[in-house]
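Consider the two complexes below, in which subunit A is the common component and subunit B and subunit C are the respective partners.
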Partner chain A sequence: MNDTPVLQCKNLTKSYKLGTNVLDNFNFSVPKGKIIGLLGPNGCGKSTLLKLVSGLLVPNSGEIEICGIPRSEETNSLISYLPERTYFNSRMRVSELIDYFSDFFPDFDRELAAKMLDDLAIPKGERLRALSKGMKEKVQLVMVMSRRAKLYLLDEPIGGVDPASREYILNTIIGNYSPESSVIITTHLITDIEPVLDEFAFMGWGGTILRAGDADTVRAATGKTLDELFREVFRYAPQNT
Partner chain B sequence: MAWKFEAGIPLSQQIVDRLRRDVISGVYPPGSLFPTVRQLAFSASVNPNTMQKALLMLEEEGLLVTLGTQGRIVTNDTEKIELSKKQCTEAEIGAMIKRAKELSLSRDELIKFIRKGWNENE
Partner chain C sequence: MLRKTLKYDLGAVYKIWLILSATVLVLSVVGGLSIRDLVMTGDEGNPFMLFSIMGILVTIFSLCAYVLIIELLVLFRFYQNFFTDEAYLTFTLPVKRKTLFNSKLIGAFIWSVANIAVVILAITIMLALVPVQGNGTGSALYEFLKIVLELIKLLFENFSGWAFVYCVLGVIIYLLSTVFSTLIIYACITLGCTMVRKYKLLMAIAVYYVVNMLISLLSYVASFVMSLVLISGIGLIENYSEAQIRVLVLFTLIAVASFLTVMCILAYRFSLSRIERRLNLA
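Right after this comes the complex of A and B.
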């Protein structure tokens, strides 16, 4: 059996400003077949990490390997990335977007995408600018999840969508589960995604992993939900002056 | 049969309890084919690995039998299911008696309440 991790980050360092490292000697590894929640306060470097892995940003130093292959053009085809903002041309129609993705990605499953759009009642003939923010987010997520990638990077996938759609989206993530691929999800809505997670990692400032492990084991050991644990780990100390 | 989970109890444990009850009550009859991990994970909206873990625990208890790649069936050993039923009942009654004692109920009073409640529930 091949146990090469889907993602491996070694001594990753990234700074936007001299002297301030968003990620500082960051080490992180994601095995196959896992759904992992990357949880941390705003500005701790979650999105930066995903951007580095997807290749939108270049690290100052350190290594990233996808399925054992150093990050490169070649590994891009293994990654399906949902950025925190939509990047689609708002004049495009949803149906054109499907064509676009089919052209770009050989692993794109048109039928799956069409079915999911139908389930979510998104009109395929509509231009993107005619859709609400939540609907646009759904379209984007459908596109990303309709690929047969090895590594899915979902940056705040359920932030702007209503609770009913949230459930559908989480079920989509479960339904797409494959023992060969892994999913990394960043979000603040911990309670919503908690049942879906295998593992979690609490990320503190400077890209330190404060606490990580198997979600269910932690629940058993502490009797707490991840949400409660998160509040505990990241509690702001009251300012006594 | 919607799934509902409580906070603070491991999910796998809650899933095991729920599925065990379903086997005992005959939702899944002895010898019948059990739903797949994927189906169950989907309907419960939980991680497939967590569901897998729960089914393995039920296998260990002897309530489920694996057929390898063919999936799983509910055991044909009805004695085993009966035993599981007995254990579940004892646990439930034990907890009830403990709470009744906390309310300083006597044995006879508790039995009276059970009779009354049972009849109203018919």
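Right after this comes the complex of A and C.
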């Protein structure tokens, strides 16, 4: 069995302005077949990490490998990225988005996308600008999760959707589970996503991993939920003000 | 992948292009009929003169607006796809950034050529409707084509086989200047948008303004130098043989084409390198 991690970051450094590193010599590895919660306070570098992995940011130094391949446009076909903002052309219809994704991503499953849109009662003939913010976020999630990618990067996937839809979305994430692919989720809604996580990583300032491990093991050992642990870790973090 | 990206780039503009082109062509009929009315009736005792003048003005304005709107649409799409939130999708596609940029460039070139074709067609329609004589006989289009043919004949008479080479070079210069005008704006947008994290569009406009000023300044200096050379060299040019003048024209055209080629390469490489290495979507 090939044990090459789905994602490997080696000595990754990224700064937006001179002297302040959002990520400083960051090392991180994601094995196959895991759903990982990347949790941390605002500004600790979670979104920056996902943007670096998806190629939207250029690192100052360090290496990123996806399934053992150095990051490039080629590895975009292995990654399915959901940013924390609405990013589709609002003039496009939902059905046109399906065509667009089918055209560019050979691993896009049209039938799955259509089914998920129907389940979430999203009209396919509607233009995105006619949909509410929550509906747009659902459309984005459907598009991203309808791919058979190796690595899913979900930045705040349930932040803008109603609690009733969250369950469906989280079930979709579990439903997409494959022993060959992994999912990284960042969110502040820890309680909501906790049941789906295999592993977690608490990310501190500068990209320091303060605590990480198997979610079930840690819960059993401490008798606390990840949400309670998060509050504990970041309440006493020196720069967590 | 270029075929796919180009399909979406062209698809985003073609509906508006079709509607505007149809509008402009219909208005060119209105413009042509307005000029026809003025030519046939004159300005004395013509109750519809005001309408005719308005018709002509609307046609001219619509032609200018048409070209401007399509150009702006293409440029705005470049900005939107590469430097706004839409870039989150653009740059996570499994497509090389070079291919994405080439697609935008080819798309802009196609629309520029299509615009020119529509403008030429609109002018042709107008000229076809305008009579030469006050009694409505003769056609301005016929007269115009006669003048163009005369000029071409004159060119071939004076320069024989060279005229064909000049024409080819003229077309090449036109195509290169079309590409360059797009590339220079793309380069300015790219530079402006990769310099700052906020107010990207404002920065891009500011950069374009500065670059445009520099180009104008250089053009003034170049034309001033050329004027001096021409004034001081008139005597010399008169002494040139026909063969020498032909070579001189040829070299001038080649120099212009070469200059444009170099400028295109520089603007292309600059834009692409910034998009590949300096673009950070924070």
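Following the convention adopted for this analysis, the second predicted complex is superposed on the first by the 235 of 241 C-alpha atoms of A that agree within 3 Å, B and C clash if a C-alpha of one lies under 4 Å from a C-alpha of the other, contacts with A are read in each partner's own complex, and residues count from 1 in each chain.
As a convention for this text, a residue touches a chain if its C-beta (ideal position, glycine included) is under 8 Å from a C-beta of that chain, and two chains touch if they have at least 3 such contacts.
It should be emphasised that the depicted structure is a prediction, and the values quoted were computed from it without experimental measurement.
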{"item": "Subunit C versus subunit B on the shared subunit A, clash or fit after superposition", "value": "fit"}
{"item": "Partner chain in contact with A:A164 - subunit B first, subunit C second, else both or neither", "value": "neither"}
{"item": "Partner chain in contact with A:I35 - subunit B first, subunit C second, else both or neither", "value": "first"}
{"item": "Touched partner set for A:G175, first subunit B, second subunit C, both or neither", "value": "first"}
{"item": "Touching partner for A:P83 - first (subunit B), second (subunit C), both, neither", "value": "second"}
{"item": "Partner chain in contact with A:L18 - subunit B first, subunit C second, else both or neither", "value": "neither"}
{"item": "Subunit B versus subunit C as contact partner of A:R219, first or second or both or neither", "value": "first"}
{"item": "Which of subunit B and subunit C A:F104 touches, first, second, both or neither", "value": "second"}
{"item": "First, second, both or neither for A:A121, with subunit B first and subunit C second", "value": "neither"}
{"item": "Shortest span in Å between Cα atoms of subunit B and of subunit C, once chain A is used as the common reference", "value": "27"}
{"item": "Footprint of subunit A on subunit C - complex, ascending", "value": "1, 4, 7-8, 80, 85-89, 91-97, 197, 277-282"}
{"item": "Contact footprint of subunit B on subunit A as seen in their complex", "value": "33-35, 167, 170-171, 174-175, 177, 195-198, 215-217, 219-220, 223-225, 228"}
{"item": "Subunit C-touching residues of subunit A, taken from the complex the two chains share", "value": "16, 51, 54-58, 73-74, 76-77, 79, 81, 83, 85-89, 100, 103-105"}
{"item": "List of subunit B residues in touch with subunit A within their complex", "value": "5, 7-13, 38, 41-42, 44-50, 53"}
